[in-house]
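First, the structure itself, so that you have it in front of you.
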Amino acid sequence: MNQLVYLVPLFPLIGFLINGLGRKSLSKSLIGVIGSGTILASFIVSLVLFFNVKNNGAVVVDYFNFINIDSLKISFAFQIDALSSLFLLIITGVGFLIHVYSTAYMQDEEPQHYGRYFAYLNLFVFSMLLLVMGANYVIMFIGWEGVGLCSYLLIGFWFKNDNYNYAAKKAFVMNRIGDLGFLLAVFWLIAKLGTANYADVFAHASSLTPFDVTAITLLLFVGAMGKSAQIPLYTWLPDAMAGPTPVSALIHAATMVTAGIYMIARSNVLYSMSAVTMNVVAIIGLVTALFSATIALKQNDIKKVLAYSTVSQLGYMFLGLGVGAYTGAVFHVMTHAFFKALLFLGAGSVIHAMHHEQDIRKMGGLKKHLPITHLTFLIGCIAISGIPPFSGFFSKDEILAAAFAKNPVYWGLGVAGAAMTAFYMFRLYATTFLGTFRGTHDQEHHLHESPSAMTIPLMVLALLSVVGGFVGVPEILGGHHELHGFLSSVLTTEVAHESSKNTEYVLMGISVAIAAIAIIFAINKFSKKPELQDAQGFGKVLENKWYVDELYDTFFVKTTLAKAKFLKDIIEKNVIDGAVNGVGKLVNYSSRQLRLIQSGQVGNYILFMVLAIVVVILLWVNDNHLYQYISKLF
Amino acid sequence: MSAIQILFWFLSGLALVSAIMVLISKNPVHSVLWLVMVFFAISGHYILMNAQFLAIVNLIVYAGAIMVLFLFVIMLMNLDKTSDPQKNWWMKLAGVISGGCLLMEMATLVRQAAEMKEKTVMMKEGSIGLIGNLGKLLFSDYVVPFEISSVLFLSAMVGAVVIGKKN
Amino acid sequence: MNAIIFSALAGVVMMFSGIFTKNTSIITNVARVALAVLIAVNLLDTYGGWMIAVDTKNLLSFNKFGFFFNTILFVATFLFFVLSGRDIEKVGSYTAEYYALIFFSLCGIAVLTSFNNLLMMFLGVEIMSIPLYILTGADKKNLKSNEASLKYFLMGSFSTGIMLMGITLVYGATGNFNLPPISSAVTGAVVSDSIIGPLGLLLIFVSLCFKVSAAPFHFWTPDVYDGAPSVFTSFMATIIKAAGFFAFIKLFEERSSDLRVSWKIIMPVIIIATLLAGNITAVFQQSVKRMLAYSSIAQAGFMLFVVYANNNSIGKEGILLYAAAYSLATIGIFAILIRMKDYTFNGYNGLAKKEPFIAAVNTILLLSLAGIPLTAGFFAKYYMLAAAINAGGKSVLWLVVIAVLFAAVSVYYYFRVIQAMYFKEGDAEVENVNNRFKFGLLIIAALIISIGILPSVLLNWFYF
Amino acid sequence: MGASSLIVLFFAAIAFSVGGISIAKIFVKGVKNPQKGQAYECGIPATGSPWHQFNVGYYLFALIFLIFDVELVFMYPWAVVVKQTGLTALIEILIFIFILFMGFLYAHKKGALKWM
């Protein structure tokens, strides 16, 4: 069975090579087929592996010695256990749907850009698979960097537009800052434990001092913050919407942003050892959730709303991790992948129909023109708001229950966040689909439902969003939590203390009720008169994203640029150049002077000779204290 | 101050004075003649040190052959008083100063030297200078340098031809 | 002993060959044959073969190091004859006499490599130098050559005077002409009060510095090398300088401790001065010949390291390697320089297009002088510095650093020639380039590269 | 007598002759005029300066004379000890003379000895 393991990443790699190299020569359809086909193939192999893991447990395949420096041995090995096989399924599954979707969405690109797009997409899936399948932190880091690179390439896909490039650069820099934290943590681990393999690290984890554990986990969390866009390093995700919508769906909703959660879930043994970090993760997750939810309320670009909603949902997942509900967080990752991908693809088909118009104030009343998109988008909104029986309800509820068990205040804020989520989602839904059409005439004239290649993935994802929840129905609602059972082999779920049955019901009831109220209020508010003009007062603050970008610019970007300019102008120009040219001039000058001594008269020469002899004898006569003097000098 | 010491100081004085006169005299012929006087003084020294053969050889070879050569060269170059280039005075001054320093340095060093502490010139001892011993030594121990110096003469001969002969 | 006798005989043969035949090419070939015989005899001598038994009464002592040094210098002269034979004939009408004088100076070198007594050292230096005074003035029509020869003669006799003064003082201190016995410093008690002996040694040191054109005493070198006919300059700059260094090493191998600690002050001062004078003034030269003159001073700076490192095996190997590498390279470069119409840097413009082969060989030789790896020059410089560090330990480190810096400066003016040849357009002209000349250059380039890659090729020869 | 008396005798002779000339120079107030410089009674009046450039042959001859003069000087001690040193010294001096004879032959063949 384990011969198949290497096939999973190999297929996307082959796809990348073929599309990448042949992008000019292959036809569009062929590229599309190759691109999606390789992902489908690895999805099938992942399925096989999933059932193998389900039946006869985890498997670690070691291929060759990647790094071999005396005592440090890092092997290129894959580890397929419950957690990674689940992620494999999510990545390849959702990935495949998005690939099919983008064959249609990117139809009007020229052939070679089309090929380049699919090559980057395949490369992304390859690195994501590497990240997830790696058996030690170093292989994970390779994947970690690979996805960072691909996100940079794909965000800046339309490189002719400068601010897309700027957005790509911003994303890359922010990720790199996070990667630095991750790298330091890995070095720390290797320094302390001499190995990076998960198995060995978790086995010897107890030998680490509390300070080490906290430091490593915090640094790993910094990496996660960079990659999964948490509070300080989140500003790149909204700007990343510059990339094509399927890219946003795949990378900035389903897979890459979940890397951080996967990493923390994978090293749950370390995290559960340090309570300090757990609190930090929980608090940052919660703050991010609320903060970005508030911003989403006032955004007018369809993709920006979804981006901020992703940041807030990620906040929830980190909240889940912070309070120890690892399975809950992973469950939320899965369900979030489904409905967020669905919402993004829906938004994509709306944009596709509206000829790249993204401002919801210029849309409205699309219900009639895009029936399938409207229906699937509605399902997505309901799922994300956490209305039973949709999948969002089960995963979010599990996190909120664990949060309540940990600390009721977390639960309260969490529910407020959920309410806001419901509100802005249905604000978005109402403004775009309900009410009257506010676009230009010819836009209205061209409004048509997206081709089947786009609608089928929407329908599949909609189905998954609905069905996805039943995997983890909690006991109190009658189901037995298969996912929990499946993942328990990897994740040590330490649910604090089981609160009584009826409190559970009460909590669920309250959260669902609040969400429902928010939905109804949003629908009838925005279907009749959507907000068209710019917001004033506090709304304005929200619309401008609390001016966080401007804050970063003034504090970090401007100061570093100023420093760089200083170094360039002052240090570089006169100190270093000056020194180098100075030496050249010195040699030239002294050479001219020395030349004059060579006067040509023998008299001079003998004079110099005699003087030299006098000096030599002088040196010889009082050589002792001269030597002491010199040896003191040197 | 026995007769020998008087003679020694007289000869040294003579040598020094005539050496200086060689430098100072304007007319090259005069300086050559003063040089001859220096050689006489040094031969005197040799005799004092019981090296009669060396004294005579010095007189014959130096005063005889080499001085004649110098005179011919001077005649050849038709040097007379006015023609030699007037060196600027500071060059002469520098020359005197540096020469003086060297002289002073050497003199003080040699004077302090342990071996030379109280001895004056070893007068009239040592028989190495006598022609008999010298000959014996030359043809027994120092044969090799004797033969090799012949090479020196050959190269001098070739040199004379190369430079002297007008082809 | 063979080398001395046979070189003198060869000289005589050359003298009379001038009389019997007027055809210069025959004379050149006779000279080459004579030199080949001389090399053969010397090799015989080295490997214990037939040796004319002469009781040298401890005035001369023959050891493998001396013989091997002879061989290197004789082979270098042989290549010099092969390459620049034609040009010697062009200098003046006394071709045979020039060869005779060269052989006599080789005889002087043979004496110098085996002296064991100050008298013999003086004789060796004289026999080596006097023919050179004449060779410098060989081109009687050219005023510069006469001026150079007179200068060389005056300075040479001045330095010989000082050497004799030194020898007499040493004789005064030690009572005999044998190499001043290794001061008891080596055996512990430092002879502190003896002044005459070390002073004499110092004076000899000064005159040898002159002979080898070390810094404060190098002033004669540029004028003499520039004035003399290029053919003899290349002979003087390489073989005579190397022999000078050999005498330097042989005399100061163990005796440097006589000068007590001042050796550690005087030597670095001289080395730095030499490197400074040689490299810095070379930077600004317009004529390649004068630049090569200064570069020979700079190379002397490097060779001084061996003297500073007094006796250690690396030093011995180093000087062998340096003599070979430096002589071969300079002979080759001069051979090309002589055949150039214009000696200035502009004269070399565009040589690569006109004569690619010659330009290539010239580049290899220049690289070797600059000490770029894969050429003999690199290992030579490496051994020099290694010897210094091996002997001097950490205190010598700063000196080595300075040397390397000056080597970097030297790269500048060596590469100016290469730049002129390859990157500048121009009408560089090289006269009568025939196949034999190219073949000779090829041999030299091959030797330089082979020694560069495998220095042990040369050095093993020395050990077994 | 001894060496020192020899020197005294030698310098007395010089002093005697120089004394005579200098006394004449000091006390005689000779008047110098061009006529006095004329040829005594008859002869072509001297024109130009007495200095005239010597022929290079003189220089050549002086050089060769010097070489053979030194050769002779080396033979002198040989002559003194020829009885004690016997055969070896003879061979040595013969070699020496032979080499220099080579030199002489060379000079002769090269025409160095021909007087212009």
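Points to keep in mind about this one:
Order of writing sets the chain letters: A, B, C and D. Residues in each chain are counted from 1.
In this text, contacts are C-beta pairs under 8 Å (C-beta built on N, C-alpha and C of every residue); 3 or more make two chains touch, one makes a residue touch a chain.
Values in this document were obtained by computation on a predicted structure and should not be read as measured data.
Should one ask which of C-D and A-B has more C-beta pairs in contact, the pair is A-B. Averaged C-alpha coordinates give centres for chain C and chain D that are 40 Å from one another.
Between the CA-based centres of chain A and chain B the separation comes to 98 Å, rounded to the whole angstrom. We define each chain's centre as the mean of its Cα atoms; on that basis chain A and chain D are separated by 109 Å. Rounded to whole angstrom, the centroid-to-centroid distance between chain B and chain C, based on C-alpha atoms, equals 31 Å.
Residues of chain B in contact with two or more other chains: 106, 109, 143, 151, 154, 156, 158, 161.
Shown for chain A are the residues in touch with two or more other chains, namely 604, 611, 613, 617. Those residues of chain D in touch with two or more other chains are numbered 99, 102, 106, 110.
If you draw each protein chain as a dot and join the dots that touch, the picture is not a line, a loop, a star, or fully joined; it has some other shape. Working note: touching chain pairs come out as A-B, A-C, B-C, B-D, C-D. On the chain D side of its complex with chain B, the touching residues are 3-4, 6-8, 49, 51-54, 56, 58-60, 62-67, 69-71, 73-74, 76-81, 84-85, 88-89, 92-93, 95-96, 99-100, 102-103, 106-107, 110-112.
Note for the complex: chain A touches chain B at residues 603-604, 607, 610-611, 613-614, 617-618, 621. For chain B in complex with chain D, the residues that touch the partner chain are 3-4, 7, 11, 44, 47-48, 50, 52-53, 57, 60-61, 64-66, 68-69, 72-73, 75-78, 80, 124, 131-132, 134-136, 138-140, 143, 146-147, 150-151, 153-154, 156-158, 160-161, 164-166. The part of chain A that touches chain C in the complex is made up of residues 587-588, 590-592, 594-595, 597-598, 600, 602, 604-606, 608-609, 611-613, 615-617, 619-620, 623-624, 626-627, 630-631, 634.
Contact residues on chain B toward chain C in their complex (touch as defined above): 106, 109-110, 112-116, 141-145, 148-149, 151-152, 154-156, 158-159, 161-163, 167.
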